[in-house]
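Have a look at these structures, which come just after this line.
Both of the next two complexes hold subunit A, though its partner changes from subunit B to subunit C.
And then the complex of A and B:
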């Protein structure tokens, strides 16, 4: 295998492509973690509460990995999180939507749709030739295995009777179109592929994702509101997120998560001891 | 349903009881035990056991020994020069500690 290149060694065009890829990876992780934490203290049992909180922490850790890579390209944490315009976030609408209130099927199914996608995304960046993309994959994946197992085990149990299955089905009808936004190509898509930043195209990854998700959900007696042959663009929601057009829920969430920073009149962030090691 | 969790910190150690989890079945119990009892410490292995499978023997039942003089069982009852082997000295010391904690003469 050819030796890996460093992000800092990319030329301007490749660099722009890498930024665009990293923003999507980081923002999806960051925002889904933020949403997950809303279940703290209100999940169905203490155990499920702790499990989801831990998953949220993992996803924040993964966001940190990709934000750090953007740091290599000159961004500060302040630019990336605390003072970034909400319209400059590139996450999908799947991760920003509020949860259907009191519906445990929502975070579980959403987690499943997201975790399968994350797994495939990791495969794709592991096939790149850039060190900052390849190196973190193994560590992230070891945590992702738990997330997938957690989501699948819960889904199997939620679909164990008619009432539960109906809840999961309605979450699927609502969320699958939003999950498709994870695969909407941005303006840098072809530059990302031609710069060797991922080993698999977005389109191929989406097809794999749909195959995996559909066969698992169908095995639980659910129907996926989309066939593999369908044109995915026809099923997309009005806003796709990754182009900067978000649902109205996003500015509210962004406002909430930056509230303390603004209230305390901060202009910079200090790293905690041991962070980034 | 309640499950008791036993944690082994490193290979060769005993599994020590470290708490419990509530879960509807074995698979979910192992998933929750991992998060609650394995994640923050180095953990070689966890045992997850249905609480009802644990048989308890209480203090009344365990107090059956040590009521009559069985001094002959104690290594410390003999005059042995233990200095020839460290493990014999260690064992004697351990024995003496146990006797003390049991309140034996």
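And then the complex of A and C:
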């Protein structure tokens, strides 16, 4: 196998492609973590509270890994989070939607749809030849395995009875179209593939994702609102997120999470050593 | 075991699940543990919004981890309480939702600004550390065991709180001003953390006799003042003139002038009748009610949710 290249050694076109790939990875992780933390203290049981908190912190940690890679391309945390225009965020709409109070089926199903996608995405990224993309994959995947198991166990449990299954079905009807936005190619898609930044195309990964998701959900007695053969673009929601067009929920969330930074008039971010990791 | 035997044997980690403890002991220990566990939950509820409001990614991670730790502490303490056989965890969590469960005075106040966060995460947690260190000597062994883990984690929380305070205290003038304003507002509440002076504390004598408490409120408060007033000054905070705190000739704190503190407010809080506290109790109760359908769908064997045991040891 050829030795891995460093991000810093990519040519201009490759760098732009890598940036585009990294922004999507980082932003999805960052925003889903932000949403998951909404369940802290209000999850159904103390145990589920602890579990979802762990997952939120893992995802935030992964966001930081990808933000650090973007750091190699010259971005600071200030540019990446605190002073970035909400319209410049590249996450999918799946991760930015708010939760309805008490709708535990939503974070569980959303987590499942996201974790399966994450797994495939990491596979694809591990097939690249860029060190900053390949190196973090092993550790991230070891954590994602637990996330997936957590989501699957809960889905099985919730689908045990009719009332729970109806709640999960309603979450699926609402969320699956938004999950498809994870696979919408951006303008850099072909450059990402031709620069060898991922081992599989988005299209191929989407098909695998839908196969996996559909067969598991159907085994629980759920209906997935589209078939693998369907044209996915016909099922997409009005905004897909990764092109910068988000639902109205995103600017509000961004406004809330940057409030302290703005109110205190901060202009920089200090990294902590070892804390919270 | 009768009460006289309990009193004669009372000492650190003297009694446990295998002992047949008298009702009076079990109720006193349950009351303490339930109060402590409730306080962990309500403290987490108060701090939760600051996960979102954290002004850096690292800080957000640390805040999320802290809130998670508090929930984990609640879990440990309810378990230690359940072992006394007086109430189940669900009963205690329901009492908290109904407004019948008691918890620390400081967690009955609203917290809206970032500059207030060190008031809880540094001063209140620091005060809690003083009390909790003594609880490692509790005669109820499950309580003492829980405190080993809790004290270890609280050490990190206080550092996290101190770090936020240091950042504000060395920040812009506006940040320094906001920090001082938060301190002025919270200082009397922090002084009341240890409750009224001993002669007005009703439960102390029995709890001390059976080894559930090893220090008085006054001793703990003075220890706290001796450690934390210098720390507050180090970060440039001015101690308000009132409530007056008195030192002896060696400069050691020995008294807070009780008349300078608002005890009507304190006792309203103690009865869960303070409006801001009620909002928090009700807000949490509404959130708890909204996920009752999930708990109802769980079997007894799996009451925490699927995979609960696997995740309970998480960081």
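Note that in this section the second predicted complex is superposed on the first by the 273 of 277 C-alpha atoms of A that agree within 3 Å, B and C clash if a C-alpha of one lies under 4 Å from a C-alpha of the other, contacts with A are read in each partner's own complex, and residues count from 1 in each chain.
Please note the rule applied: contacts are C-beta pairs under 8 Å (C-beta built on N, C-alpha and C of every residue); 3 or more make two chains touch, one makes a residue touch a chain.
Here the structure is a predicted model, which means the values were calculated and not measured.
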{"item": "First (subunit B), second (subunit C), both or neither touched by A:81", "value": "second"}
{"item": "First (subunit B), second (subunit C), both or neither touched by A:90", "value": "neither"}
{"item": "Touched partner set for A:163, first subunit B, second subunit C, both or neither", "value": "second"}
{"item": "Touching partner for A:149 - first (subunit B), second (subunit C), both, neither", "value": "both"}
{"item": "Touching partner for A:62 - first (subunit B), second (subunit C), both, neither", "value": "neither"}
{"item": "Partner chain in contact with A:254 - subunit B first, subunit C second, else both or neither", "value": "neither"}
{"item": "Of subunit B and subunit C, the chain that contacts the larger number of subunit A residues", "value": "C"}
{"item": "Intersection of subunit A interface sets (partners subunit B, subunit C)", "value": "45-48, 50-51, 54, 146, 149-150, 153, 157"}
{"item": "Touching residues (chain side subunit C, partner subunit A) in the complex", "value": "41, 44-45, 48, 51-65, 67-68, 71-72, 74-75, 78, 114, 156, 159-160, 163, 167, 171-172, 174-175, 178, 284, 286-291, 293-295, 297-298, 302-312, 314-315"}
{"item": "Footprint of subunit A on subunit B - complex, ascending", "value": "21-24, 27-28, 31-32, 34-36, 39"}
{"item": "Subunit A residues touching subunit C - in the complex, by the definition given at the top", "value": "30, 34, 37, 40-51, 53-54, 56-57, 60-61, 63-64, 67, 77, 81-82, 101-102, 104, 146, 149-150, 153-154, 156-158, 160-161, 163-164, 167, 256-257, 259-261, 263-266, 269-272, 275-277"}
{"item": "Residues of subunit A defined as touching subunit B within the complex", "value": "45-48, 50-51, 54, 146, 149-150, 153, 157"}
